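Think of it as A, B, C and D in the order they're written, each chain with its own count starting at 1.
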Amino acid sequence: MNKERLTAFSDGVIAIIITIMVLELKVPHGATLAALAGLVPTFLSYVLSFIFVAIYWNNHHHLLHAARRVNGTILWANMHLLFWLSLIPFSTGWMGENNFAELPAAIYGVSMLMPAIAYFVLQGCIVRANGSDRSLAEALGRDIKGKISFVICVAGIGLAFVRPWLARAAYVLLASLWLIPDRRIERTIERG
Amino acid sequence: MNKERLTAFSDGVIAIIITIMVLELKVPHGATLAALAGLVPTFLSYVLSFIFVAIYWNNHHHLLHAARRVNGTILWANMHLLFWLSLIPFSTGWMGENNFAELPAAIYGVSMLMPAIAYFVLQGCIVRANGSDRSLAEALGRDIKGKISFVICVAGIGLAFVRPWLARAAYVLLASLWLIPDRRIERTIERG
Amino acid sequence: MNKERLTAFSDGVIAIIITIMVLELKVPHGATLAALAGLVPTFLSYVLSFIFVAIYWNNHHHLLHAARRVNGTILWANMHLLFWLSLIPFSTGWMGENNFAELPAAIYGVSMLMPAIAYFVLQGCIVRANGSDRSLAEALGRDIKGKISFVICVAGIGLAFVRPWLARAAYVLLASLWLIPDRRIERTIERG
Amino acid sequence: MNKERLTAFSDGVIAIIITIMVLELKVPHGATLAALAGLVPTFLSYVLSFIFVAIYWNNHHHLLHAARRVNGTILWANMHLLFWLSLIPFSTGWMGENNFAELPAAIYGVSMLMPAIAYFVLQGCIVRANGSDRSLAEALGRDIKGKISFVICVAGIGLAFVRPWLARAAYVLLASLWLIPDRRIERTIERG
């Protein structure tokens, strides 16, 4: 199994996901400010999702950089992650078109939770496959940021049905948390 | 002929195919659970096709990795494979939108059979072009898994007209068979 | 100017063009054979265009492989080629949707002629920039195949208004002519 | 942080942006010249945007080539640039569909101004991260062309509300200014 080809393929898929999302921002028929204003929720959803996919690309980059070996299990764990990421344009478009209504806002949260779980699984597969290499496991450490993210994401899904704006606040908080790149792995690599 | 550029181009096309397929999952107009439920067949078709395209990417990866030389014939055999793969988003969308009706389910089977034939042809071209390299031909061996796949796929196409759910079962069986990566080539390379 | 990045970018654009063309093959609403039959002209247009774009990728591959140096002029001549190639999904969809009617069939011919001219210009720029390298200019020779192609293409555009099926025949002939990879450059490289 | 992967990812996103833009050129229903003529404004917008995105790809190429080191800040400044570039297909389609009307023509100008600002920020981040490397800062110099571009772009946005054709003229002037590749960096690299 060739790590470079796996990385290049993942990059290709993520580049397409982040770009076709903009196709949900449908060109309005009128040339008026009102026509443009109707797109504001879709635009905001797009901004949020763009940041999330960029975060995944960045973290994925660090994770695969740290992996010395890849195998069939890692390949499929990676495909599993790409699958859930590929649904983000859909959930983004649905939430935007329905102006952050309850169910679409909750489904958006689910579409954030699933790649988070897939990323967690992929991380586990990489640690197992690189077992002799203790520095990677150490680098990932207790993964406090990951655990906090799960809590925020699940909270966002629940809050969508209570106060939709609270769900939105949760998603913005989640993005802010990860905008800071994953320095855990970077630090250990530099020490190694 | 440059193997790296052929591989990179194929990866690009496969990455786009696997990702634009999600565009068939059209954002519904309502924000209700019923609107979402109407997408379940399309979603299930998407899951199935995502797995199939991922399997092709994986097997293609192994096959081209094993090839030492590529020539014009291999290039066109590869384009032929990409052509049939490029039709999967269409057959997936049609089967999903028609809730696994008879004809779309059969056509979906055809859209699985054609890249299988194209892959078989490509494999033959690569073996011929790398004639002096016996390990590749040995690695592919009698290709029992490939032959079983043809039978399952043709059975699926026929069953679509008798009992559509049997066709679906055949396609799920087909995907399961190939989720296990092609260890034949891997093993021989390691031995070589 | 970095030849590798120019090649990779061109490959990316061509991979996207060849793949998004299939989006013109719109999923029909019914699940009947009649619904599928209505797509036959679009499907045939897609097959033809897939072959044309694949030919361009292949020839472009040979041409850039032969170039030792790239400069700003080559970069823009290459962008000019990619621009005309990017319009092929449009002309393909229009010809398919209108069942090879006169004007769409002629415009399809124009959308084949323009990248041919752009390719010719790019070839000239590469020969000029690699002036000291006589083997490239020799390799391209008198370019008889290129000249015949211009004649066939222009004939196809004209014939579209007289007998549409003659235009189709011309385009099929054109594709057949180029399915044989450009051995001129290959041969000289091997000799060199 | 790996410069090659950042460059490859940016190239992928830009290749997709430049290609999906053509999807705004919707296939018309009739096969008449009138149907085709209705697409002229969208086609002209597409030509203009294709040139702008190609210019960004070219300048981005030079800028990242000159950078020796990339860090987290550069990664996010780059994502910020890609975000604004990803909106160009939308603004292009809107301006084209509304035949260069006032508001869409102004928004088009904004969609040109934002990536220009993002590019300026990215340039600053790269100069800071490569602080010890004076040649880069020197190469960028006083950036007179960049400053003139800002003025033309802002003028275009304002003029869209006064005389729409003046806005168009401003955008064409802007594209012409940048069609000449950024020789500043190139020259210094050659001297270095």
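Everything that follows uses one rule, which is that contacts are C-beta pairs under 8 Å (C-beta built on N, C-alpha and C of every residue); 3 or more make two chains touch, one makes a residue touch a chain.
Please read these numbers as outputs of a predicted model, since none were measured by experiment.
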Per the C-alpha fit, the turn needed to bring chain A onto chain D (nearest 5 degrees) is 90
Just curious, how far off is chain D from chain C if you go by their C-alpha centres, in Å?
27
Could you put a whole-Å number on the gap between the CA centroids of chain A and chain C?
38
Flagged in chain A as touching 2+ other chains are 8, 12, 16, 20, 23
How would one label the connectivity among the chains shown: line, ring, star, complete, or other?
ring
Residues of chain D defined as touching chain A within the complex
2, 5, 8-9, 12-13, 16-17, 20, 23-24, 72, 75-76, 79, 82-83, 86-87, 89-90, 93-94, 97-98, 101-104, 107
Mind listing the chain A positions that touch chain D in their complex?
7-8, 11-12, 14-16, 18-20, 22-23, 25, 27-33, 36, 47, 50, 54, 57-58, 61, 65, 179-181
